[in-house]
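Some structures are shown below for you to check.
Both complexes below contain chain A, partnered by chain B and then by chain C.
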Partner chain A sequence: MSRLIVFRTLFAVPVLFLISVISFGMLRAAPGDPAVLQAGAGASPEAIEAARKQLRLDDSLVEQYFAWFAAVVRGDLGNSYTSGLPVTELIGARLPATVQLSLFALVLIIGIGVPLGVTSALHRNRPYDQLVRVVSLIGISVPNFVIGILLILIFGWWVTGVLPFQGYVPLHENAWENVRHLILPATALAIPEMGLVARLTRSSMLEVLGQEYISSARALGIAERTVIWKDALRNALMPVVTIVGVVTGFLLGGSVVVESVFGIPGLGRLLVESFATRDYPVTIGVMMFIAITFVVINIVVDVLYGVINPRIRLSTRRGAR
Partner chain B sequence: MNGLTTSTHPHRPPALRVENLHTVYRNGAQETSVVRGVSFDVHSGEIVGLVGESGSGKSTVLKSLLDLIGENGQARADVLEVAGQDVRSLPRAEYRRMRGVELAFISQDPANAFNPAWTIGSQFRRVLKRHFPGMSRRELDAWAVELLGAVGIDGRGKLDSYPFQFSQGQLQRIMIALACASERLQVLLADEPTTSLDVTIEAQVLQLIRRLRDERGLAVVLVTHNLAVVAEMCDRVLVMYAGRIVEDAPVRDLFRNPQHPYTRQLLKSIPAFPRDGRRLHTMTGAVPDLSIDVAGCAFAPRCEERISGLCDTIRPVLPPRTERATARAACHVVSGAVPAASGGEGDG
Partner chain C sequence: MTGTANDAVNGPRPRDPGQEPAAAEGLARPSGLADLVARLTSTWVSRISLGVLMVFLLLAVFGPLLAPHDPAAMGRETLQAPSAEYWMGTDEFGRDVFSRFLQGTRISVFVGLAAVAIACVVGTIAGMAAGFSSGRIWDGLIMRTMDIVLAFPLLVLVPVVTGLLGRSGVTLGPVRLTAIPLMTLAIALVFVPIFARVARSSVLAEMEEEYIVAAKTFGARRRHILFHNVLPNITAPLIVQAAFAFGGAVVVEAAVSFLGLGVQAPDASWGTLLADGRSFLTLGCWWLVAFPSLALALTVLTFNLLGDDLRDHLDPRVRSSVRKFSRKELTRS
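Showing the complex of A and B:
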């Protein structure tokens, strides 16, 4: 098991390195001059030149990259061009909203998607199943920001006053309002992935229900309830667990848009804001942070999968000896 | 329609009795009638073989008896008695509770018969808990080791192992131990229990089934493709073709004097040893399409002895069992019927 973790971590290093090089390069290739934005509109050429010097934008791209890289290895993501604050501090300030939003969405995805998939499989080809399949397909096909705008329309125009549709209240200030403010954005973020999870759970459940060991359990007289909710579900969830890592990646990516739509001061919005001002250190800092989080989550999911799957657990244990 | 007499146990009622079993599968608008009026009985201590080509409905018969036909199918019978109980008068849930208690099932695929996520021990415990509700975990484990010992597996320290850590042959024996854990067991349904095993292991498993029959007086239905297994294990043989039983004979009679042309063709397709130099007989034609119901004998199109004008228009039925003629076949040629004298339509 520990071997698995070490192996996956080592494998992640070159991947992260590659991501950093690509995003660094693409960012610099994007149009817009941070020095101009930094010096402000209508600034004199001298002021812009001074800003350029200060930001070390005249160095070659490779030099800039290695200066940044050397700092990152020491845990320093640099300072924001605009506010001068350390990037780590900015990320720290914006992290809680994104974490909360993603967790909330994940709870919705699993808490609703899995039961929908299971019940749909149990009512295979009946109207309920067909309904779930159509609805989840629609959920998958509609982008989350469209769902977000739709929700804002509904709750900001037709049924006003029921749920807040803009802004964020920190948890420590008012827990109740915090949750209320997250309901709509989490729903918008969750619906596409929920559809995905429901469909995956359904097909996985159907496959497991057709397995010999299910008939075998029934023939041994095990109660139908146990057969479905224990024998079948546990095995049906294995593939679902493996995609939770991917889903979490989608959530982090999706939050970029959804946070902007719902005015939530999270990492996603920080990314958008920093890019608008060509605040390179912040943009790349957030990107790297999201990439690392994604990699770590996927390692955790792989390890978890090993824990619930005895075949993998035992073979890696044997391999470690 | 069926006299309840057999040569072996004339007095006791059979442990398993089924009459006029019909099973259909629905696939969209199409209905396939897979089992078409099957009747038979099995007495305690008797091993009845169920043979026939692939697709003739053997597994479906067993699944129907176990109420394991999925949602896209339906089974019904005029009589279904298990361990002297009229099952059709019981609520469905109650009949389902008889599974694993009075009635057990062994499949052909031991590798997939166990839940891969759980240890063998936990799969034993939850079955044994049904049979011995008062037992503690330690007692259950001890009993599991005992049962494993009886099928030739040293279970000590292996209860925490997962199914994939055992070989196919071990798994099949473990499945037999698990399926036969109930002390009230009377009927064992085995669907090609040795198909996936190699020859030496096959012999062990067959030996085990025979021993269970001998020691516990089980009534066994043994589905198999292997006629050598039939010859060695069975007391009586049912030959199935296209969802019906076409011949019912004591095992000796079947091999010495097969009645139905289909049975004769089946026997001809076994290789002789030592080789007799003749080419192996291969049956011509294929199993009929079960979604169409033909008027005459389902085997007629492939039969070398068919009487045209009779076999393809009037369906032969299995004559009722009498003590005199213990072997019987659903065939006009065998019963020596002429078109006018043939009996009415009915279920075979």
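Showing the complex of A and C:
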């Protein structure tokens, strides 16, 4: 088990290195002189010179990279060009909305997608199954921001006053309003992934149900409900766990557009806003944050997969020897 | 921002990593191009999908000629619902939405096609090189690079690249990349590893085939084997992947342009049309967003259906027809 964790973490090193190199490269390749931008419009030559020193712009690019990298490792992503605040502080302020939105969507995806897939498999080739399959295929095919726009059209024009379709209320201010404001964005974010999870659960369930141990369990007279929801589902969920891990990573990214559609002040909005003001440290900081989170989630999912599926654990151990 | 072969943000996900073709099941392996075409016209689902695909292609190529109005011409009749004069209504400047939609279709379809074509060529070459030198240093080097690219949330990278560098453009030697080509390249990068994986595993399976062994025995050169024997036989799985990738690429472009970071003002794409229309949603101007939404959904749905259909066909477990293996191929080597 620990071997698996070490192996996966080691694999992340080149990925993280690449992320840092690309981030730094873009930070310096972006148009404009970083020192002038950092010092702000109309700054005195002395201030610009000080910023130049601070950013080490007179050193070689390699030295600049290592200085920047050392700061990043210490948790210092630099300061915003526009507000002068540390980028980490800005990210911290925007993080709750994005995390809440992603978690809400994840609950919908698993809570609705998995049961849909299981029941669809149990009614194989009957009208219910056909319906679920068609609906989930359509769900997969409609991008989340298009669903968001259609939801705004429905709740903002057709049946107004039922659900709020713009903005965000922090959890600590009003929990009820907070949830109400997240319903539509989370739905938009969840529907495509829900279709994917339902389809995957269905096919993996069908495969498991055809296996001998299920027939044996039934022959032994174990209650059908136990056979399906315990014996079969446990194995059928294996591939689903992997895809849910991938989906979680995608939710963080997907929320970039959905947050813009619904006006939610999350990380994605921060990213998009930073383009308008050419606030490069914020852009790069948010990109790095999302990238690193994505990598970490992937490691966690791989390890989790090893926990629920001992066969994986064995095979990596054997492979490592 | 990253997602399902659809959501771009959902973007593309590797739908079928390492679709291992059944090696050496000699008889049960149909995969030639002719077979693919036969398959594509055999069921109603794929015929309709192909039809929709052709309509979009024709609109992309000839659309601007069909436009009843100048897409940039403003008029006094603003925010009009669809009518005989304005098939898809007018926007807030009185521009004809149908003409703008046709203009947008061209950009959306062409960017998607170009991105997938680039990704397919680069990915296939990388994958074939890796597969052909299987077990040697090149194989490891190429495929680990692909793993790293795949582990990077590229769908966040695409808007960042276009947002940071798109407005001023990037100069690479004599070539000057403006926003749209830059975005196309960034989107292509997302799909390269997927093609590389499929190409590599197909090459590995194909190299086991007896006719390749025979060709080697006859002393055929490696390059000849790779391009004349292997390549024609691995096109089918690559085409399946291209079908999924096209749907994904179109969505990524729409998402990035929707954020205002891709296609810029005088031009239009399905993404910018959606972005323009969203301010008027609460006024009930459904026609501004309905048609680009429908076009996006239909494109992705069509390619998902086609891809599924083809994949079922190529999956070793469902293979049924027999590939006729001509002597010609052997003697040619």
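The rule we apply is simple: the second predicted complex is superposed on the first by the 266 of 321 C-alpha atoms of A that agree within 3 Å, B and C clash if a C-alpha of one lies under 4 Å from a C-alpha of the other, contacts with A are read in each partner's own complex, and residues count from 1 in each chain.
The rule is simple: a contact is a pair of C-beta atoms (placed from the backbone, for glycine too) under 8 Å apart; a residue touches a chain by one contact, two chains touch by 3 or more.
These numbers were taken from a predicted model, which means no experiment stands behind them.
K.L.:
Assess the superposed three-chain arrangement around chain A: do chain B and chain C clash, or do they fit?
P.N.:
Superposition result for chain B and chain C: fit.
K.L.:
A:A217 contacts which: chain B (first), chain C (second), both, neither?
P.N.:
So A:A217 only meets chain B here.
K.L.:
Once the shared chain is lined up, is A:T98 touching chain B (first), chain C (second), both, or neither of them?
P.N.:
So A:T98 meets neither chain B nor chain C here.
K.L.:
Taking CA centres, what is the chain B/chain A/chain C angle in steps of 10 degrees?
P.N.:
Between the chain B and chain C centres, as viewed from chain A, the angle is 80 degrees.
K.L.:
When the two structures are overlaid on chain A, which partner does A:T248 contact: first (chain B), second (chain C), both, or neither?
P.N.:
Touch status of A:T248: no partner.
K.L.:
Which partner does A:V142 contact after superposing on A: first (chain B), second (chain C), both, neither?
P.N.:
Second partner only, chain C.
K.L.:
Quick one: classify A:I308 as touching chain B (first), chain C (second), both or neither.
P.N.:
First partner only.
K.L.:
If you stack the two complexes on chain A, which partner ends up touching A:L196: first (chain B), second (chain C), both, or neither?
P.N.:
Second partner only.
K.L.:
Counting residues of chain A in contact, which comes out ahead: chain B or chain C?
P.N.:
C
K.L.:
Tell me the contact category for A:D231 with respect to chain B and chain C: first, second, both or neither.
P.N.:
First partner only.
K.L.:
Just the number, please: smallest Cα separation between chain B and chain C in the overlaid arrangement, in Å.
P.N.:
15
K.L.:
Mind listing the chain A positions that touch chain C in their complex?
P.N.:
Residues 11-12, 14-15, 18-19, 22, 26, 29-31, 137-138, 140-146, 149-150, 152-153, 156-158, 192-193, 195-196, 246, 249-250, 252-258, 260-261, 268, 271-272, 275, 280, 283-284, 287, 290-291, 294-295, 298 of chain A touch chain C in their complex.
K.L.:
Given the complex with chain A, which residues does chain C contribute to the contact?
P.N.:
Against chain A, the touching part of chain C is residues 1-11, 13, 144, 147-148, 151-153, 155-157, 159-161, 163-165, 167-168, 170, 247, 251, 254-255, 258-261, 274, 277-278, 281-284, 286, 289, 293, 296-297, 300-301, 304-305.
K.L.:
Flag every residue of chain B that touches chain A in the complex, lowest number first.
P.N.:
Contact set of chain B toward chain A: 63, 66, 68, 71, 96-101, 104-105, 107, 109, 112-117, 119, 126-127, 130, 162, 164-165, 175, 178-179.
K.L.:
Quick one: which bits of chain A touch chain B in the complex? Just the residue numbers, please.
P.N.:
Per the touch definition, chain A meets chain B at residues 124, 211-213, 215-222, 224, 226, 231, 234-235, 308-311, 314.
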